[in-house]
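Letters are used for the chains, namely A, B and C, taken in the order the chains are written, and counting of residues starts over at 1 for each.
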């Protein structure tokens, strides 16, 4: 069966330093890949390359068997939530959510009220994001997981700044995404519980 | 609401909520223009002669001063990455966002120009031509400045470098713009220079979005 | 067709280009020496003094080739940077990086010689003549390219950003030139340079052509050497580079 996401011989250099060499992996539907490694090992860079933002120096990436390079289909199939939340501090959480729904290729039917309540921002959704706490901002950013439909989730440090309840929320969202035959790649050194055999890990320190 | 409308609406909303920050280039424009009579001489004949050049140079510098903010905050909070992944092509985004940015940074300069012309003894009869020329010129400069902003957005201390990169490219706009204002002041027909300004604007409209989008992708690369 | 593409692709390989550049450079160097020597003899001794400017005009033998090379250099810069950007060839970016300081130096030389010529011509070291003004702006465009390519932490991003700038600048170069000519013609009467489009005596023209050829050959020789240096720096991790350095 053709893997959903497959990488062959990926090599990355940033600032003269090799981040990974000849990295290969294949993800089937319902699987998640956790990229581990100490700070500065290149987790974010690799994730950005998978998102099509970062420069890939060598190697090939395929989505459903087709090359991802300059592929609109690939871009529309992925949802990337970076280390920063991508929230405009002058807009409210609701406005940010609605904006991301309008520019996404496939938005879901979940309204801003519903999504933001589910991530625990019921009382804070109409405050400018600049006035939210770090944890609240992270939740607001993660609300997009509900607002946009995507087969591939690329999440950079999704658990950072979150309390136990927040982490559980992310785990449950991820679990449901995988059960619905999506794939995910996460960059985090924190352990992800409850995903069982669906979770594969990759250590960047050994891949460099 | 489609993606382009959402983007324009977002930019306008943010600009409206940050209106205080928009004041700086406008203040700069007024101050720089006022410096010339103070630094040179308040004699009317001299001021009248240098007025076209001064107003245009001040508009150029004020416009470029404000240009840095076009993409910087989006780069810093991670929105630029998301916009690069949106379903709207980056080239269209470049055009739309440069225009909304101009509404806050360039249009006020056009509106203020008669006032500043008056400070420099610029003839009132030629004010419409002055403003129209600046309309064309500030639009073209916004596009050129956006290229510079896109190239330098990921760099530290990008402001100075932006100026250094864009000023040589902006020289034709300055030359034809100031000429049109000077010709209008002398009672001559400025349409030749204005047509050339319009031609440069059209060239910028067609080519700049590609340069801006390409530069943004490169800035997001590492 | 097949053969020419292979040649093009082989040029893109750093070690091949390195060896080729090393072999060609001395030839251009000798050609430069011969042409410049001939040109200088013809220009400084053989050609009679200009009836208007006396001996002062002789600076054109350095000024004109420098100005021509400054423009050709920028075109080479933009074209090779563009090729590097579009076809993602590392060698093309190396060529662009090598041309930049060289072209900038010739632009500076053109400005200095133009300015020195200005003193006897106009009585001042600087005048906002159309050509000199365009040259000055061109110098800033060179500086901008070099500054931008060095400003990035990751040099590969830097060279791509600089390539975008070079291409935008290339479109702008004719626009700048014609706008300055137009501006200048409104400010002062058009300045006629000896040899610029007007009838020029053969005795003056031949040495000038020799100097242009000589300067160009010198430019190419320097460029080939600079490209070799760039390639060594960029490919410093490669095995073939270590071999070359051991042989040297």
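Just so it is clear, a contact is a pair of C-beta atoms (placed from the backbone, for glycine too) under 8 Å apart; a residue touches a chain by one contact, two chains touch by 3 or more.
Keep in mind that this is a model prediction, so the values were computed, not measured.
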item	value
Chain whose averaged C-alpha position falls nearest the assembly-wide average	B
Chain of greatest Cα-centre distance to chain C	A
More contacts between chains, A-C or B-C	B-C
For chain A paired with chain B, centre-to-centre distance based on mean C-alpha positions, whole Å	37
Between chain B and chain C, centroid-to-centroid distance (C-alpha), Å	32
Whole-Å separation of chain centres (CA-atom averages), chain A against chain C	48
Two or more partner chains touched - positions in chain A	14-15, 55
Junction residues of chain C - those touching two or more other chains	153-154, 157
Two or more partner chains touched - positions in chain B	221-222
Parts of chain B lying in touch with chain C, wherever the complex brings them together	147, 151-152, 154-155, 161, 164-165, 167-169, 171-172, 175-176, 179, 196, 200, 203, 207, 211, 214-215, 218-219, 221-222
Chain B-touching residues of chain C, taken from the complex the two chains share	85, 137-138, 140-141, 143-144, 147-148, 151-154, 157, 160-161, 164-165, 167-169, 171-172, 175-176, 179-180, 182-183, 186
Chain A residues touching chain C - in the complex, by the definition given at the top	13-16, 55
Contact footprint of chain A on chain B as seen in their complex	1-3, 5-7, 10, 13-14, 17-18, 73, 76-79, 81-88, 220-222
Chain A partner contacts - residues on chain C that touch it in the complex	153-157
